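Each of the next two complexes has subunit A plus one other chain: subunit B in the first, subunit C in the second.
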Partner chain A sequence: MKIVISGIGTVSAAGINLSENLDSLRHGKRNSGPVSVFSSCLSYPVFEVKYLPEKWKIDGMRTLSLALAATEEALNDAGLPKQLSEFKAGVCLGTTVASQLNDMDFYNSFRKSGSADLKPVDRFLRGNIAEAVAHTVKAIGPATTVVNACSSGTDAIGIALSWLKSGICNVAIAGGADELNRVPLCGFGSLGILSNSLCAPFDRNRAGLNLGEGAGILVLEREDFYIRRGGKPVLYLSGYGSAADAYHLTAPRPDGKGLESALRSALYDSGISPEEVCFVNAHGTGTIDNDKVEGSVLSRVFGENISFFSTKGYTGHTLGGAGGIEAAYTAAALKEGWIPASAGFACRDDEIPLTPVTENTDIKGSFAVSTSLAFGGNNAAIVIERA
Partner chain B sequence: MEDSKEMSLGGIRKLLKDLLVENLSLEDIQPEDIKDDEILFGDGLGLDSLDAVEIVVLLQRNFGLEVRDMKQGREIFYSIDTLARYVHGNIKK
Partner chain C sequence: MFISGIGIVFTRGRGIDSLEKALNQGWSSPSLTGPIPAYRVSQETLTDTSLSKKIRRADRFSRMAVLSAVDACRDSCINVNERGKIGIVLSTAFGPHSTTFSFIDDILDYGDANVSPTKFSNSVHNAAASYVSSVLGSRGPTITLAQFSFPFQNALVLAGLWLNEGRCEHVLCGCVDELNAVMEYACKMKLKTATDGKIMPFMFSPAPLSVPGEGGAFFMLSKEKCQNNYGEVTGISFSGKTNGKPDITIIDSDGMTGDETLYRETTNSTVAGYSPLFGSMLIGSAFNFAAASLILKNQLVYKCPVTDNPSGIKLCSTTSETGINQINCVRICGTGKISTIIMQK
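Then we have the complex of A and B:
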C-alpha cells in the first residue's frame, strides 16, 4: 500500500505558509535577527517566526500555535475538512520544547514564597502537542508526541507511515514543531555550538548553528483512501529508516555508521537504490562535527556527485520542527523540480568529500531523501517519491 | 440566612460538577449525574493524580484558592460535598 502526501503546511522564519517559505528559499532571503520573543542578554542570531495568525495565538504555548497554523494549511492543501471525526485520523508530531518550558516564573515565585500562579501548570497539562492538535481537529485515531531531540519530526513522520501501512488509521497529520525558547538557547550556548554569525552548513569556516522556530506538517493518506475520495496522487512518502549511534550524548559517531544504517534502511524500505535519489536535503546544522560526519556519509552512500543542500541557513535549526519543515521542503522541491542553494556555503572544507549546491538548481527525478541527526545519537531518514 | 447559605453551597456544588466535567474531560458523564456525596477518587468518579493537579489549578483559576497543606488536601478532595464546603468557606469575595 503506497502512502500519499496529500497536504503540506509550514511556518518558519522563511514564511507563514509554504509558498512564502519557498519564495524565501528561491530568493536567498535569510530572515534572522536578535532574540525578540523573550528577553535575553544573549546576542546570537536566531530565526524567529515573524507573524502568527491571531486565531492560533495561545499565550505561553507558542509551539502549539505554530503546529496548529501549519496543520490548518496542510489540511486545506489536502482538501480535508477542519474536523476529522468522520475519518480514522492519527496525529504524530515531534517536538523538543513542546509548550512546556515556559515555567521559569512559576519556579521563581514558588521558591520565593511557596506559592505561584498555576497557569504554567495548566499549560503543561494541555501542552502535549499531538494530543492538543488531535483535540482541535477531532482526530480520533492514534496520537503520539515524539521527543527524540533533533530527529523528532522525521521520526514522527516515519511512525505515522507505519500506522498508515498497518491500517490503524487512513489519514495522519505528521511532522514537528518547536518554538524559540530560553532553555535550549542557553543550553546550546553552554555547549559552545551556537554561532555568533549566520550559520554556514558544510563550509570550511562554519562556526556552529543558529536556533530557529517553526512547524512543518504533512498530511499522509493511504492511497486507496485518497483515491476513493477523489484525489490524484502526486507525491508519496515511500520510506523511512532510523538507527542509533550508541556513542555520545551530543556528538555524532565519527564513522557515521548510525546515519549510514538509517539511510540504507530508508532506501531499502522504499525499494530503491542510492543511484535513484536525485537530491538529499541534509540535516546540515553548520556545526563542525555534524557536517563533517554527515558529508562523509552522504558521499559514501550516494557518491560524490549527489546534489545536496541544507535549508537551515533559511530557517535556523528548528529542533523538533526541523524534520517536519525539511520534509515539507523536500516534497515541494521534488514536485516543483528545483532545489535551493545551500545558504551560507562559500568555501569547500577539504575534510568533507563533497560540496552542496551553490545556486538554485533544476532537478529531474523521482526520489529525494531528507536526513536528521539528533543529540543522543538518533539518525533518521525519509524518502519521498514523485509520481 | 441558613437557606441562602445552603443555596449558595448548592450553587457551588453545581458549579464544581460543571467545572470537573469540563476541565477533566469526563466524557461519559453529565454534571447532573454526579451525586452530591460522590467520592472523587478511587471507586467514585475514579479520578487520578493528574486530575488532582487539574483540580488544584481550577480552584485557583475560578475561586482564587490555594491548597497548600496536602494532608488538608486529602480531606478537602474527598467528595463533591467536602470540596464544595471548602470552597464555600474560603472563597475570596
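Then we have the complex of A and C:
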C-alpha cells in the first residue's frame, strides 16, 4: 500500500504558508531578529513568526496556534473538509515545548506562596498538540504526540506512515510544531551552541544554531482512499527509518552510526538504493558536531556528489517543528524540481567531505530524503517520492 | 505480540516480584506526609549501585525509566547486544517536570544566562529513553510519546506496528510519570482526594476519589514467543467493542480522569482493578497491564485490594488458582472514549 502526500501546510519565520516559505527560500530571505515574543537578556538572533492569522491566536498556546494554522493550510491543499469526523483520520505531531508545563508566572507564584492560579495548568492539559488538533478537526482515529526532541516531527511522520500502512486510519495529519520559548532559549544558550550571528550550516566558520519557531504539516492518505475520493497522486511518503546512538544525551555519536542506520533503514523501507536519491534536505543545524557528523554520514551513504542543503538558515532550528517543516520543503522541492541554496554556507570545511548547494539548483529525480538528529541521540529519516 | 519480560518501579518497590508480593499482600496505606495522600517511590528504590555510573546525572524520572526498562530486559533473558536492534517506546503524561521546574528555578534565581546545561538536557522529555538506550546499548528506533489520553495504549499500538513491520524483533515498551510538589498541588486543587488514602475502583462515581501515584512500568514485547512468556496481546481496540467474553476485565478506574460512571458498562464479566496498589496515574494502565500479565502467567487471580462494591458486580474477591484464557484491560478517558487491550494466555 502506497501512502500519498496529499496536502502540505507550513508556517515559519520564512512565511505564513507554503508559498511564502518557498518564496523566501527562492530569494534567500532570512527573517531573523532579536527575541520579541518574550523578555530575555539573551541577545542571540532568532527566527520568529511575525504574523499569525487572528483566528488561530490562542492565548498562552502558541505552539498549538502554529500547528492549527499549518493544519488548516494542509487540509485545504488536500481538498479535505475542515472537520474529518466522517473519515478514519489520525493525528500524529511532534513537539518539545508544548509537552512541558513551563509557565514561568505559574511556577514563580507556586514557589513563592505554595499556591497559584491554575489556568496555565488547564491550558497545558488542553494543549497536548495531537489531542488538541484532533479535537479541533474532529479526527476520531489515533492521536499521538511525539516528544523526541529535534527529530519529533520526522518521527511523527514515520509513525503516521505505519498507521496508514496497517490500516489503522485512512488519513493522517502528521508533522511538528514548536514555539519560540524562554526555556529552550536559556537551555541551548547554556549548552554553548547558540550562534551570536546568523547560522551557517556546514560552513567552516559555523558557530552554532539559531532558534526558530513554526509548524510543518503533511496530510497523508492511503493511496486507495485518495484515489477513491478523486485524487491523482503526485507525491508519496515512501519510507521512514529511525535509530538511536546509545551514546550521549546531547552530542551526536562521532562515528555517525546511528544516523547511518536510520538512513539505511528509511531507504530499505522505501525499497530504493542510495543512488536513486536526487537530494537530501539535511538537519544541518550549524553546530560544529552536528554538521561534521551529518556531512560524513551523507558522504558515506550517498557519495560525495549528492546534492544537499539545510534550510535552518531560513527558519532557524524549530526543534519539534523542524522535521515537519523540512518534510514540507522536501516534498515541495521534489514536486517543483528545484532546491534552495543552503543559506549561510560560504566556506568548505575540510573535515566535512562534501559541500551543500550554494545556489538554487534544478533537480531531476524521483526520490528525496529529509533527515533529523536529536538530543538523546535520536536519528530519523524519511524518503519522499515523486509519482 | 508476546510479553516476555516485565520491569516495574512503584511505591511498593522495584521488580515484578514486588508487584507480585503487593498483589498477594493487598492494600496498604499511602504516604500521608505530604499535602495529600500519595503513593510515592522512595529514594532507596531508585538506588542501584550497579548502574550508578551510567545514570549518575539522571533525574528521578529517568531513573524510574532506566530501572524498570533494565528489569524488563533482565526478566526477559533477552540479550540486547546479541539481538542488535531493540526498539524502545516510552510514553508519559507529564514527563520530567521536576527537572523542568528546577531549571526554571535557575532562570528565576540566576537569570537567563546562568542556568545549568545538565538540568536543561535532563528536562527534555526524551532524556529518559536516551538513558535507557545508552545503558542497554540498544540502537534500534527509540521514541518518546506524551499524551493524556491512552498514553500506554498508543505506545503498545506503536510497538505492535514496529514488530509487524520487522523494524525490530523486540520492543521495550513502557510508561513513566513522577510526582512532585507542583503536581500534588494541581491534583489537590483539581481532583477529589481520598483523604483515607483508599482509591475505590468499583464505585463508578461521577466524582471519584484519587490518590496520586508515580512509577515506571516497562514490558519486553516480542514478535515470537520467548523462553519467558507472560501471555500475548491479541488486540487493542478503541471502539468500545470487542469480540468474545473475557474471563476477567481489569478496569483502570482510579479517580484520575473524572466521571467513572461509564466503567459500569464494561463489567459484564468478572472484574478486577488494582489501582489502589500503585496510585492514580494517567499511565495507570501500564500497571494494571502488569498485573494482568502476572495473572495470565501464574494462572492465579489476585484479590482486588479494595473491594467496596455498591453495584454488586462480580469481583475478583479472593486470590485463587483458576484457568484464565483472556483478560480485557479497559481504560476510559475523560472524553468517554474507551480502549480495550485484549490479552490471552
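Just so we're on the same page, the second predicted complex is superposed on the first by the 383 of 387 C-alpha atoms of A that agree within 3 Å, B and C clash if a C-alpha of one lies under 4 Å from a C-alpha of the other, contacts with A are read in each partner's own complex, and residues count from 1 in each chain.
Please note the rule applied: a residue touches a chain if its C-beta (ideal position, glycine included) is under 8 Å from a C-beta of that chain, and two chains touch if they have at least 3 such contacts.
If you're wondering where the values come from, they're calculated on a predicted model, not measured in any experiment.
Per the definitions stated earlier, placing subunit B and subunit C onto a shared subunit A by superposition produces a clash between them. In the superposed pair of complexes, A:Thr311 makes contact with neither subunit B nor subunit C. When the two structures are aligned on the shared chain, A:Ser12 is found in touch with neither subunit B nor subunit C. By the touch criterion stated above, A:Ser115 is placed in contact with subunit B and with subunit C alike.
Within the superposed three-chain model, A:Gly258 lies in touch with subunit C and out of touch with subunit B [touch as defined at top]. The larger set of touched subunit A residues comes from C, when the choice is between subunit B and subunit C.
With both structures placed on the common chain, the touch criterion links A:Leu101 to subunit C but leaves subunit B unconnected. By the touch criterion defined above, A:Leu125 reaches both subunit B and subunit C. Superposing the two complexes on chain A places one of the subunit C stretches 200-208, 218-226, 236-244 or 290-298 into subunit B: stretch 200-208. When the two complexes are superposed on chain A, the residues of subunit A that touch both subunit B and subunit C are 114-115, 118, 121, 125. Within the complex formed with subunit B, the subunit A residues making contact are 114-115, 117-119, 121-122, 125.
For subunit B in complex with subunit A, the residues that touch the partner chain are 50, 53-54, 56-57, 60-61, 66, 68.
Within the complex formed with subunit C, the subunit A residues making contact are 40-42, 96, 99-102, 104, 107-108, 110-111, 114-116, 118, 121, 125, 128, 130-131, 142-149, 155, 159, 162-163, 165-166, 168, 182-192, 241-250, 257-258, 261, 265, 374-378. Within the complex formed with subunit A, the residues of subunit C that make contact are 57, 85, 88, 94-95, 97, 100-101, 103-108, 111-113, 115-117, 120-127, 129-131, 133-134, 136-149, 154, 157-158, 161-162, 164-165, 167, 181-182, 185-186, 189-190, 238.
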